Amino acid sequence: MRPSGRAPDQMRAITIEPRYTRHAEGSCLIGFGDTKVLVTASVEERVPPWLRGKGQGWVTAEYGMLPRATHTRGNREAAKGKQSGRTQEIQRLIGRSLRAVTDLKLLGERQITLDCDVIQADGGTRTAAISGAWVALRMAIDGLALEADPIVQQVAAVSCGIHQGTPVLDLDYEEDSAAETDANFVILGDNRMAEVQATAEGACFEEEELLRLLRLARIGCNAIFAEQLKAVGR
Amino acid sequence: MRPSGRAPDQMRAITIEPRYTRHAEGSCLIGFGDTKVLVTASVEERVPPWLRGKGQGWVTAEYGMLPRATHTRGNREAAKGKQSGRTQEIQRLIGRSLRAVTDLKLLGERQITLDCDVIQADGGTRTAAISGAWVALRMAIDGLALEADPIVQQVAAVSCGIHQGTPVLDLDYEEDSAAETDANFVILGDNRMAEVQATAEGACFEEEELLRLLRLARIGCNAIFAEQLKAVGR
Amino acid sequence: MRPSGRAPDQMRAITIEPRYTRHAEGSCLIGFGDTKVLVTASVEERVPPWLRGKGQGWVTAEYGMLPRATHTRGNREAAKGKQSGRTQEIQRLIGRSLRAVTDLKLLGERQITLDCDVIQADGGTRTAAISGAWVALRMAIDGLALEADPIVQQVAAVSCGIHQGTPVLDLDYEEDSAAETDANFVILGDNRMAEVQATAEGACFEEEELLRLLRLARIGCNAIFAEQLKAVGR
Amino acid sequence: MRPSGRAPDQMRAITIEPRYTRHAEGSCLIGFGDTKVLVTASVEERVPPWLRGKGQGWVTAEYGMLPRATHTRGNREAAKGKQSGRTQEIQRLIGRSLRAVTDLKLLGERQITLDCDVIQADGGTRTAAISGAWVALRMAIDGLALEADPIVQQVAAVSCGIHQGTPVLDLDYEEDSAAETDANFVILGDNRMAEVQATAEGACFEEEELLRLLRLARIGCNAIFAEQLKAVGR
Amino acid sequence: MRPSGRAPDQMRAITIEPRYTRHAEGSCLIGFGDTKVLVTASVEERVPPWLRGKGQGWVTAEYGMLPRATHTRGNREAAKGKQSGRTQEIQRLIGRSLRAVTDLKLLGERQITLDCDVIQADGGTRTAAISGAWVALRMAIDGLALEADPIVQQVAAVSCGIHQGTPVLDLDYEEDSAAETDANFVILGDNRMAEVQATAEGACFEEEELLRLLRLARIGCNAIFAEQLKAVGR
Amino acid sequence: MRPSGRAPDQMRAITIEPRYTRHAEGSCLIGFGDTKVLVTASVEERVPPWLRGKGQGWVTAEYGMLPRATHTRGNREAAKGKQSGRTQEIQRLIGRSLRAVTDLKLLGERQITLDCDVIQADGGTRTAAISGAWVALRMAIDGLALEADPIVQQVAAVSCGIHQGTPVLDLDYEEDSAAETDANFVILGDNRMAEVQATAEGACFEEEELLRLLRLARIGCNAIFAEQLKAVGR
């Protein structure tokens, strides 16, 4: 029995509120249950120095957590003067995941920055961020009215884990803290994967377990894909 | 005529959504028109080192702006590795304003941190933050169920300015960018002031003008006081 | 009775020693009693990147305090690796105050930096810095021999406060530490104001009190104006 | 055909030179072909603050790359004043991998730090670091002569990838730069996994491809296990 | 002929103004010609953590240069967020030089910090700082009224160099910029040396040249010793 | 009697392993007994901004110590976020020493960076670094096949000190920790000196003692010169 009473293959409620802020070219507030992440996509008509003149664009991400998004208040990274290793690891993952579905040549010489700020955390913030980032990116690129669409696929992400010996989908904070193994899957609309990160927390895992987690992740991502399309009106 | 069509003494719509997040002891999303600030109050049963054993508590504030809260994306302070002078100045102001209405001895040896994060900016973010911080602080202190109430007054803040020669209440971004003089008033429920900060931006100001701005600020703060009470259910 | 025996509307001795250092285009050592601030004005024939090609100049300020300017030694900001919020707030105030009396178009595409370093502190360092900065700026601009004078007014600043219930002019450290309300006024030669910053330290203040502090500040600034003119030989 | 002429399931030469430095409690220079990593294990009889009094120890890792370990010189992280996101991600991975095979209770209240410094880089530095860290840790713990052995398994790591459509084992720099998919596997002596990180670089991957990479990784890790045992004389 | 017209073995005017600031336990403004350094000695009744309980004190130094002490304005180190290598090298030298004449056991468990801030620079700032630091230290220790005097000797420093082939004493900025060899000597009242730092700038130097520079340094330090004694009234 | 049993004028074994790494244009692992420093020379076809267009090149150095090069583990400077004063002082010394023997005009508009990383420390790391840096620089410049050789001399360095009253050559860690005076000499192939740094650690020194240390340093450097030539095959 999961602490939340969910079935092992049951996602939390997925909510996507598009156009959550006014200024960004694309934005949404995405929720996986009590986890809430605000994602904005900002388009700039310039690329990083190392890409200038190469005839292609760039998609990148930044991630942050409001100090009291969590059960107990954490230090503000701006006040500490540096981003933690965890923050950097997550924003690199988000950036790679969105670039995996973007044709940077078709995007042209512009940069889209996906800012993912966790308003409230209850496990799975990085996977919610990736899933919401696709929505914000889709909206921002729609606004550019390009001739050829640089987005080649949908992308979504979900965490799975082995909790008290049972593989379960979409870990909440309580499960995440106690899981023996924790895995994040970034999956494309055509079933291929952009990223798999499986980590033993309390006990190492067998190949078969990894595959069962992947099966669950596919179930979760399919549900997210449907909500993404609704949010962008497709 | 103001760009927004408002009368000179007309506030923007004041909206306060209490209990906006789950984990914080107090929280609200406060809006002055399109300016939206999320304020959380976090209670910790310890005080800063320099207050230990002095038999009193502390109230402090931190302020941040999401990178795309503004019309064009700003750099993330956590990524730059330091908070700007503006950020530090604002969070010091918020902290002083709330301490001005708190009896720190009655609070006891605990610290309350008010995190004010701007979700969307359209002028007046620091005054919205102060006004919302009172709500979050009120809720957090209510939750402590102390014998004697450490909050001795309401406090609210509003910006006023001289725009095209006319003193106006509650500047939005468009007015703020063009105002000749810009002033922030932090006012208590008993009409006294905790802070006045008036700054010439394009033209210096006369004593009489300062007083007219103060008259407008009183109108604005009275409206905010009413919304604060509704939000905390008093 | 004030700790120093001064009358409520009595400034400390104002001393301005012009040309205190050799290399700067303008400089002075300004004293308000035991508060001593060395101000230098440095002219550079370039403007910050965001002003290039706009046909105007810039005036900016930096502020520092020698570690043992104070009663007990403070940490050196260069060694700590960052400027405090207080330092940044003060140097922003100094810069705004001097820009309020400078026609940046007439200055032309050059930058003048006002370095204000506190040699000895006894209250009122920021107001002494502003008052001395006008002298250094005046000397530096005189040296440029421009066709039209970019300095449109004198500017001076002084702190006032309510100490043991009495409004008093030009707080020294002992008064400043105990004042109920502390206010800094930046006033122009034509009586208008560039900046008012009034802060409740121990007790909030009434409108009438603010006005009485302003009256005192006008007395103090008039005395400073006279010393400034003597220092620059006008 | 691989650039190096190796067969798809062929590791580069694995070399482990134990006791490479005098002062560390355990150390080795590990080579995967031209990739050379110096690993030292330092034992300290204290634990991080958050573990004090919990009756357990800690194993952690730090990673660095000499500026000219690579084809072109990189900036020295100490001179830049911060560790890159990549560095932090790698040292977190190394630490987790070694903790996965250590019983921290049996280790007792002491900390072992594994410093992994890349002397020469040719792809696979993080997997060589993990594999060498086990040797250094083994030697350091042997030196402690504890009653019960806290090391519960061997651990090794290797990178695999899909290069020009072919799954290959142990990518060198030339392959790594061009691989469509890049995966790092951290595998235990009993065949279970501590970590899987698979990333699409140029093309996303199928489940079947992930499994083929895992098969290759098992081949590589078995070869590393044998060399580790030789190095520690078991 | 030296640019200043001085004879090769001629010091610039040495001026020492003791008790230049009010708050410090010892202080002076020392001048070597146009080089002016303010030195304060601050006594604190505690020692650094690594000396606690060892029954001895500590003498340390910090060095800074006001941004416009020099011909053209330099960046403020506090604003840059770090002290340069040059600054750190100089403050380490000053600290060592003063510790060389202090019996730290007799000082007792207290720390004296010598802050050396360059008000105006014209070559030789570090040697003026060392020479002035002895005066400030002497005054601070006199104020402690200890039973046994921890200061065991006088110490002074001066720079010498080879300028256009001629060994000269006490380089000013113009000579320093052009010198082939530049050397700093820290000499004690009993003729022994605490530190010699000789550096080839444009041409390497012979043993005989080093000795001739040392002869000049002795002349300079003897003159400084006399002024030090006058300043402290001995 | 020295702790190591060496005669007062006896160097430790000097070992130089050229071409220790593959990627650098020049490299060696130099050993003075148990002190081991890896030096690489990296050639870049650009100069620092302040040298652009001046028709000359630049030689610079960086220095680092692996955290466990020493008896007890030190903190990693990259993790602390800054280089210590000691590190900066050493790398400035190495850079100056190598520039003293390089004709920067003949080098042309390119920069050579000498990275000196201490693998194992037992006293004398900076002098080993300088001595090894000449070898790496020589190899890198040979590889450039310039028409005129920019290296005008050999350069080597060694530390000497007064240990238990006896002047000794090439201090190891045990002697270095206890020496009364410690001196580093940077000497050229033609007997001239590029740098002398003599520091009293426990007792100040006489002129005669300085000269005796210099005599020892000449003996040591002559031995190093011979090994350098062997290493570069001349």
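By letter and in written order, the chains are A, B, C, D, E and F; residue numbering begins at 1 in each of them.
Following the convention adopted for this analysis, contacts are C-beta pairs under 8 Å (C-beta built on N, C-alpha and C of every residue); 3 or more make two chains touch, one makes a residue touch a chain.
These figures come from a predicted structure and were not determined experimentally.
Participant: Using the touch definition from the top, how many steps at minimum link chain C to chain D?
Facilitator: 3
Participant: In terms of residue-numbered contact pairs, which of E-F, D-F or A-B coincides with B-C for over half of them?
Facilitator: E-F
Participant: Rounded to a whole Å, what is the gap between the Cα centroids of chain A and chain E?
Facilitator: 59
Participant: Between chain D and chain E, what is the gap in Å from one C-alpha centre to the other?
Facilitator: Here chain D and chain E have centroids separated by 51 Å.
Participant: Chain C to chain E: how many Å between their CA centres?
Facilitator: Inter-chain centre distance comes to 33 Å.
Participant: For chain C, what residues touch not just one other chain but two or more?
Facilitator: Correct list: 81-82.
Participant: If we trace the ring from chain A over to chain D and keep going, which chains do we hit, in order?
Facilitator: The chains follow each other as A, D, F, E, C, B, starting at chain A and passing chain D next.
Participant: Name, in rising order, each residue of chain A that touches chain D in their complex.
Facilitator: Touching chain D: residues 82, 84-86, 88-89, 91-92, 96, 100, 153, 183, 188, 191-200, 204-207, 210-211, 214 of chain A.
Participant: Could you pull out which chain D residues touch chain F in their complex?
Facilitator: 21-24, 27, 34, 38, 40, 42, 44, 62, 64, 66-73, 76-83, 87, 113, 115, 117, 119-121
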